[in-house]
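A quick write-up on the structure given underneath.
Chain lettering (A, B, C and D) follows the sequence in which the chains are written, and residue indices restart at 1 in each chain.
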Amino acid sequence: MDSTVADPQQENTARLIVQGTDCPGIVRAITGTLADFGANIASLDQHTSDPEGGRFFQRTLFSLPNLSAVVEDLRTRLGEVLNEFGMEWQLVEAKRLKRVAVFASKSDHCLLDLLWRQRRGELPVSITMVVSNHPDLSDDVRAFGIPYFYVPVEKGRREEAEARHLELLQDNVDLVVLARYMQVLTEDFINRVGVPIINIHHSFLPAFIGAGPYRKAKERGVKLIGATAHYVTKDLDEGPIIAQDVISVTHRETADDLQRRGADVERRVLSTAVEAHCEDRVLRDGNATIVF
Amino acid sequence: MDSTVADPQQENTARLIVQGTDCPGIVRAITGTLADFGANIASLDQHTSDPEGGRFFQRTLFSLPNLSAVVEDLRTRLGEVLNEFGMEWQLVEAKRLKRVAVFASKSDHCLLDLLWRQRRGELPVSITMVVSNHPDLSDDVRAFGIPYFYVPVEKGRREEAEARHLELLQDNVDLVVLARYMQVLTEDFINRVGVPIINIHHSFLPAFIGAGPYRKAKERGVKLIGATAHYVTKDLDEGPIIAQDVISVTHRETADDLQRRGADVERRVLSTAVEAHCEDRVLRDGNATIVF
Amino acid sequence: MDSTVADPQQENTARLIVQGTDCPGIVRAITGTLADFGANIASLDQHTSDPEGGRFFQRTLFSLPNLSAVVEDLRTRLGEVLNEFGMEWQLVEAKRLKRVAVFASKSDHCLLDLLWRQRRGELPVSITMVVSNHPDLSDDVRAFGIPYFYVPVEKGRREEAEARHLELLQDNVDLVVLARYMQVLTEDFINRVGVPIINIHHSFLPAFIGAGPYRKAKERGVKLIGATAHYVTKDLDEGPIIAQDVISVTHRETADDLQRRGADVERRVLSTAVEAHCEDRVLRDGNATIVF
Amino acid sequence: MDSTVADPQQENTARLIVQGTDCPGIVRAITGTLADFGANIASLDQHTSDPEGGRFFQRTLFSLPNLSAVVEDLRTRLGEVLNEFGMEWQLVEAKRLKRVAVFASKSDHCLLDLLWRQRRGELPVSITMVVSNHPDLSDDVRAFGIPYFYVPVEKGRREEAEARHLELLQDNVDLVVLARYMQVLTEDFINRVGVPIINIHHSFLPAFIGAGPYRKAKERGVKLIGATAHYVTKDLDEGPIIAQDVISVTHRETADDLQRRGADVERRVLSTAVEAHCEDRVLRDGNATIVF
């Protein structure tokens, strides 16, 4: 599978992501460099956490005729300019889709939604593999033409499974998505995998951290249930939040009903987060996120 | 102030609220009794927590020509029928508005919203007094023709203030509403006041229990903020939830912005909960609620 | 495919739907009859359009041990009681799933969502066939083990296609769902098919009636787009509304983006409407609906 | 009343709004000019309707030490730069609050909400007068210390009233807000008043254009009702939409209930639109708006 798109509009489009300590002149430096190369800015979003010495975040979407021919020169020039300002930055060509591994267990709603959106051309990603600790969903996944790797996680032998995971992932993916993967990842795995990991949690975090959120929600008698997509960090359910949503519920719903209705929110929130991440619209600011 | 309404449609309308252990025949017994008196049922909501021996909850809204003349007979007859089934029940004439004391501190948004709605005839309540530990809002309240009692709560002398509160409330109100009243009530007060107390908490409970929820929400980087109206019990922020709502927020909002935008959700959720309670649409089921 | 469920909880559960001109005593008559048979009411919803001689609507969910054995007797007895009151009524055993034909064209989002939900056990229906005027979606559908009938609709030969449709549907289905079926049905077909038809319209009706709603929405500059599920009547886009929902949009979205994002609302609204209909929670009141 | 604020953070803050035909280099030109003056950009939003020769829209919020001293020089310099690109532009100091006249009739919910938000410091406006064709709300308004002008509009004598309106408004206001003002304005008035006019329409436009939207919504049986804030143009209910929102309703609500519940949406949508306009976040693009 080729992880690029042929859309001519995308062919010459790129995104420049910049962040660092705010200082005067930085926007001029960036837009000046782009203008020197003849780029046309399609949209520009900028946020400063504090006008006085806060953190600076910027995402610029631009088109540049013959992008491939000049992209390396542009990269070199941006490096000279932005390193002077001490900025972290990334230049991403829109045609290079992020390569994604989706991890799942037995629930199919989040996984199928991602596969189906990719097939429809709605999600600018290239899902290159699905990894699961159960064999149940293999037929569904392979019907989409995507490889399915069954890696059982036996009690007390998590390390073996994670070693296999790393073999599969290393250099092959730009993002891991946990689509209701019911295993906790070790801190060691998170450190070694080297790419961001997005998880969908089936509650409106920070409410109902941990297991069984729908049962807890029923017991607490809440009138809304929700889901949260967040980056995975070593602290379970504590990573930076990318997207959240809720729906109304009443006394009529049982805990099972909540789970069923919550599944709709989960798949919606997860695909929103994956889309935002893969369009480079999510910037981390400590344990929070900027979503342009 | 007369706590009844002259609306002829309300004049002959009543609500019957019944709850207890479910058993066959109870609905027939209730509707049969009402039919014997010539009542016409306008709406009937019934919920059973479990069809097999669960808890039974019912709210029936009905009209009965010449209600006042027969209401005591009806009450006697319902008592005979319902006590046999071991049910708790209440018969409430729609024209008898619940008498409400609103407690506030310095924030005016929830308080004024309730006063406006009452004046506009939107809220079927009779707000008979406002009690505050600050004098700031007295002019605003008195402009509505409603008495304002300033009862300062000095450090270490909470009991004195609560004794004064009980004098004001006893036999004078059917409901206490804490409209951003920034004092914790003692368990003793809650027990002695003898009427339900509704509080508005400025977060989507059970997230961000305790003080400073908007600051905590900013720190945690949530993408939704909310408010929760609940009955007050001795366990702070743990009582049965009546209503909740949320709004979307982004990285742009400061903690102050969240507080300002959250205020809109707070007043909306609080008035929704007060309206539901005062129309006898909220039934308690352990630490949860049925809202018909 | 067997259109019943083995769930023991469903086995003895039934729904009684009653509607007609309101008159005193009707609720007692219904609940009395159910009590005579030893039924236990799990939930009861009742609505009257006007307490004085309006229309009466009631849905009662009850369980009755050994339901199959007595259901015909119960039906006979209910007939005697309810016909006296001049009521229309229906007694439906929960285990008898409604048999559904889904009509689609080339868009797969609404169709696949219904198929997924049925497979997951979320939707209490038995989808017995998919009918399409295009062959494109046949593989996807047959992977679910459901027959796919390709019935092309040629210009000027609509009658032939509809004749074929009627052959397929007659006596085989209880409901037709138009899941983005891009053909207008003739009044003759609607009359002859003899079962309700639910359509999903890709706008917040009555805004943007007719074709191209997302393009019109973009031109009008609306800040919300939506979808509407409604029963089909001879007047295009004018039938009784069952469910509606919207999402926020901004100036950033192109008409294509609106269509893509709107697809999410469409499938959510359609499955909500189909679920409500198939649980007999939707009652028609002229050109409006009661959704219990 | 002084229409400036003393907030030191606002003192040196300004907004630059630029729009016109997109062309390469424009962002560099703007940010370069600001950098030359030592401005620090707090946020920058830019949108292009089409990367190839579309319309360009930009809003830049920046701070500049000693703004007042240099603002005229900056204005001159920006004029030289931006006129060369053929751009329309505006430089607005944040401390200069827009002066607003609110028009109302008998309904108070939108009017009071605006007055109260201004008093709380939530709305960056200076409401300098309220104009009404009824005397009813004068006491409420004057309690806020704001002048109330009662200008009756007699049948067939609209011109006289509008002449009086123009006398009151000319040179005194920057914005007119119609807060449920139940009179149609003449095209002549709209042309002569010389400032934008924002109206709140009590439906989700373009559904239910014209009078009586809640009654129409009840008749059509919709499941959501809404409100729309838009700029007033000569075509009734057809002007550019600034903000919209909806709430769920059911068969239970009468047309009167819809009106009452809709009032909540109206005041929320209107204040959102007024706030966005007064922070110069709304740019017109033909009959649509960009809201940054």
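Operating definition for what follows: a contact is a pair of C-beta atoms (placed from the backbone, for glycine too) under 8 Å apart; a residue touches a chain by one contact, two chains touch by 3 or more.
Quick caveat, the model's predicted, so the values are computed rather than measured.
Participant: Please report the minimal path length, in steps, between chain A and chain C on the chain touch graph.
Facilitator: Between chain A and chain C, the shortest chain-hopping route counts 1.
Participant: In terms of CA centroid distance, which chain is the most far removed from chain B?
Facilitator: Chain A.
Participant: Pick same or different for copies chain A and chain B, depending on whether their interface residues overlap by over half.
Facilitator: Result for this pair: same.
Participant: State, to the nearest whole Å, the distance from the C-alpha centre of chain B to the C-alpha centre of chain D.
Facilitator: Centres of chain B and chain D (C-alpha means) sit 37 Å apart.
Participant: Per the centroid of Cα atoms for each chain, what is the distance between chain C and chain D, given in Å?
Facilitator: Roughly 43 Å separates the two chain centres.
Participant: What positions in chain B touch 2 or more of the other chains?
Facilitator: 43, 47, 252
Participant: Spell out the part of chain C that touches chain B in their complex, as residue ranges.
Facilitator: 13, 22, 24-25, 27-28, 31-32, 34-35, 38-48, 51-52, 58, 63
Participant: Can you list the chain C residues touching chain D in their complex?
Facilitator: 47, 204-208, 218-224, 226, 240-246, 250-252, 285, 287-291
Participant: Taking the complex as given, what residues does chain C use to touch chain A?
Facilitator: Interface residues on the chain C side: 43, 108-109, 112, 116, 120, 122, 143, 252, 260, 264, 268.
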